[in-house]
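Before any comments, here is the structure.
Chain nomenclature is as follows: A, B, C, D, E and F, assigned in order of appearance, with residue numbering initiated at 1 for each chain independently.
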Amino acid sequence: MQEFLDIVLMAAAFDQRVVLVFEGDGIYALMKDQQAEVLDLKDNSLIFKALSIYDINDVAVEKESMQARAIKTDQLLIPVVATPRHELKQRLQSADQVFSL
Amino acid sequence: MKISLQINASPYQHQAADSAWHFIQAAILSGHEVYRVFFYHDGIFNALRDARPPGDERDIVKRWSDLNAKHGVDLVVCVSSAQRRGLLEQTVAKKLGGYQAALADGFRIAGLGLLMEAIIEADRHITFGA
Amino acid sequence: MLYIINKNPSQNLALKNCVDQAIAGDVILLIESAVYAVINAAQSTLLQSLDDQVSVYALIPDLQARGIALDQCYRGVNVVDYAGFVGLVTEHQPVRSCF
Amino acid sequence: MKISLQINASPYQHQAADSAWHFIQAAILSGHEVYRVFFYHDGIFNALRDARPPGDERDIVKRWSDLNAKHGVDLVVCVSSAQRRGLLEQTVAKKLGGYQAALADGFRIAGLGLLMEAIIEADRHITFGA
Amino acid sequence: MLYIINKNPSQNLALKNCVDQAIAGDVILLIESAVYAVINAAQSTLLQSLDDQVSVYALIPDLQARGIALDQCYRGVNVVDYAGFVGLVTEHQPVRSCF
Amino acid sequence: MQEFLDIVLMAAAFDQRVVLVFEGDGIYALMKDQQAEVLDLKDNSLIFKALSIYDINDVAVEKESMQARAIKTDQLLIPVVATPRHELKQRLQSADQVFSL
């Protein structure tokens, strides 16, 4: 995750237009109240909160995945737009490059 | 109870090394003996002396070294897994002063026989992997 | 038998295969990303299909690290810390890591 | 067409390095240009000079070196992935004569910027992973 | 979009997630252990659920390495060698590796 | 797989009683006609064929997994006993040590 986010930040630094999409269980990465410190793991929530500093403001979560998990956007670390699957698919379709984690 | 462990995954990319380390802490606190930790497959990459994680992250290799220093836990790196992956070709290891210079403090190199011994001698053998 | 599972059940079928095999007296311990299985809304159907005689445990620090509150857990799930993990290992034989 | 690749997994334990290598052979045969291969995450372990697989198995590291020698394919190892994992701490690397002695022939070390450049410059960027 | 999948669908849900998302014009390429998906008796139900407009390819050398004969493959599946893999990559944009 | 088999052979060398169980897609590891050489991969079928030299004669495949895949025992590299799931489970249950791959 850490090294994946490094790619995201680097892409922004190279003035690439970056869209972050969270689907399926990927959504859990954005959950509030992650206590990485109990396992002494790296706390990625700080990076997510800092995304806007890097001009990454386009963060989407898949609406169907949110519903299936009964998660509301206010339970997430950062403001996101819940977007239906078919719209997300269209956005991915138009990307030059798709990275998955 | 005697417990031995096997680590099959590289550090950082997988949580295996973290889970095993926390498990061992708890096992020692509960009064159990950790008989051996055997590093196999990509697990051998836990032993690289020169790992330098960013300053704000846990140092997994150092954790293992400390575990050996404080509790005498036997840390064994599989020689065939290591040679296959380039951890310690002899000619280079010699330049650095033998195997021990490629491995972090507290690790030793040995064959699969020591894994078998651990499995047979310990009451439980627990695998952590990718 | 104690099964240890570490993979998210929406990405990997290790938990499902283990649920299919488990028999009375078996114990399933969920660690790392496998703890996502306990979230009520998500995979509880998988756990519901288990025999009553098979107990399921989730590792508390892995729940906490992922921001899963204990009250989000499926009611049939027990939770343990690492000392409890060690306890499960000493109480059961054999132990199978389904990694 | 210009194609760049990214390898995210260690050799032998995963097929990623094999698949990527076969893909590259076919791409070159079809007249495409392989712009760069970027080794990231555990993929950096593809670059260990001292890997010694058993004699009856493919030598994955040597394959990469040959690819650079024969076709000039640019092989880049991510410096932050490498430092984290212990591939090339500077003090040790110096003893061995600098970075290039830790890496097999044909590999070079660089930052993520070269990954971005590859993604932007190439027509396609293909990831192979665990 | 070209999806590249490398994991066995009986152990991993990458293919299933991709089948759920794929739309007309998409292509799914199965490599490495993902080629087990094409065996008729096993996972063909997953592939059957696909839109006719989504094509599925399997990499021949990965089939051969696993002892899967071409006549064991689900009829809806096309096969390619590495040159065909390269062809698919050049013909589609974007490419998504679901690893 | 190669390194997993090394453990199997070493266990036999230490006079441990070894039972090899193939279930689910694990069965495919025993398929005849695997042409590892087309990808220059290690050919494990030679090791499977040599198991009896190491006194490993107890090789079981799960009957249900065979049926689900429509595979017959004569399609496999070596002679095996197709055993129902509940019997296999009992055998695993009585083992001192279970290794999974």
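What we mean here is this: a residue touches a chain if its C-beta (ideal position, glycine included) is under 8 Å from a C-beta of that chain, and two chains touch if they have at least 3 such contacts.
Small disclaimer: the values here were computed from a predicted structure and weren't measured.
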item	value
Target subunit D, source subunit A, minimum contact steps	1
Joint neighbours of subunit C and subunit B, given as chain labels	A, F
Chain copies touching (subunit C, subunit E) - same or different residues, decided at half shared	same
Highest-count interface - the chain pair sharing the most C-beta contacts	B-D
Length of the line joining the C-alpha centres of subunit B and subunit E, rounded to whole Å	38
Chain centre separation (subunit A, subunit F; CA means) in Å	42
Centroid spacing, where centroids are CA-atom means, of subunit E and subunit F in whole angstrom	27
Computed distance of Cα centres, subunit E from subunit C, in Å	31
Multi-partner residues of subunit A (at least 2 other chains)	24, 39, 41, 97, 100
Junction residues of subunit C - those touching two or more other chains	10-11, 61, 93, 95, 97, 99
Where subunit B touches two or more other chains at once, by residue number	12, 15, 22, 41, 80, 125, 127, 130
In contact (per the touch rule at the top): chain pairs	A-B, A-C, A-D, A-E, B-C, B-D, B-F, C-E, C-F, D-E, D-F, E-F
Parts of subunit A lying in touch with subunit B, wherever the complex brings them together	2, 39-42
Residues of subunit D defined as touching subunit B within the complex	10-13, 41-42, 45, 48-54, 61, 80, 83-89, 92, 95-96, 130
Contacting residues of subunit D [partner subunit F, same complex]	12, 15, 18, 22, 56-58
Subunit E partner contacts - residues on subunit C that touch it in the complex	10-14
Touching residues (chain side subunit D, partner subunit E) in the complex	1, 3, 8, 15-16, 19, 22-23, 25-27, 29-30, 32, 123-130
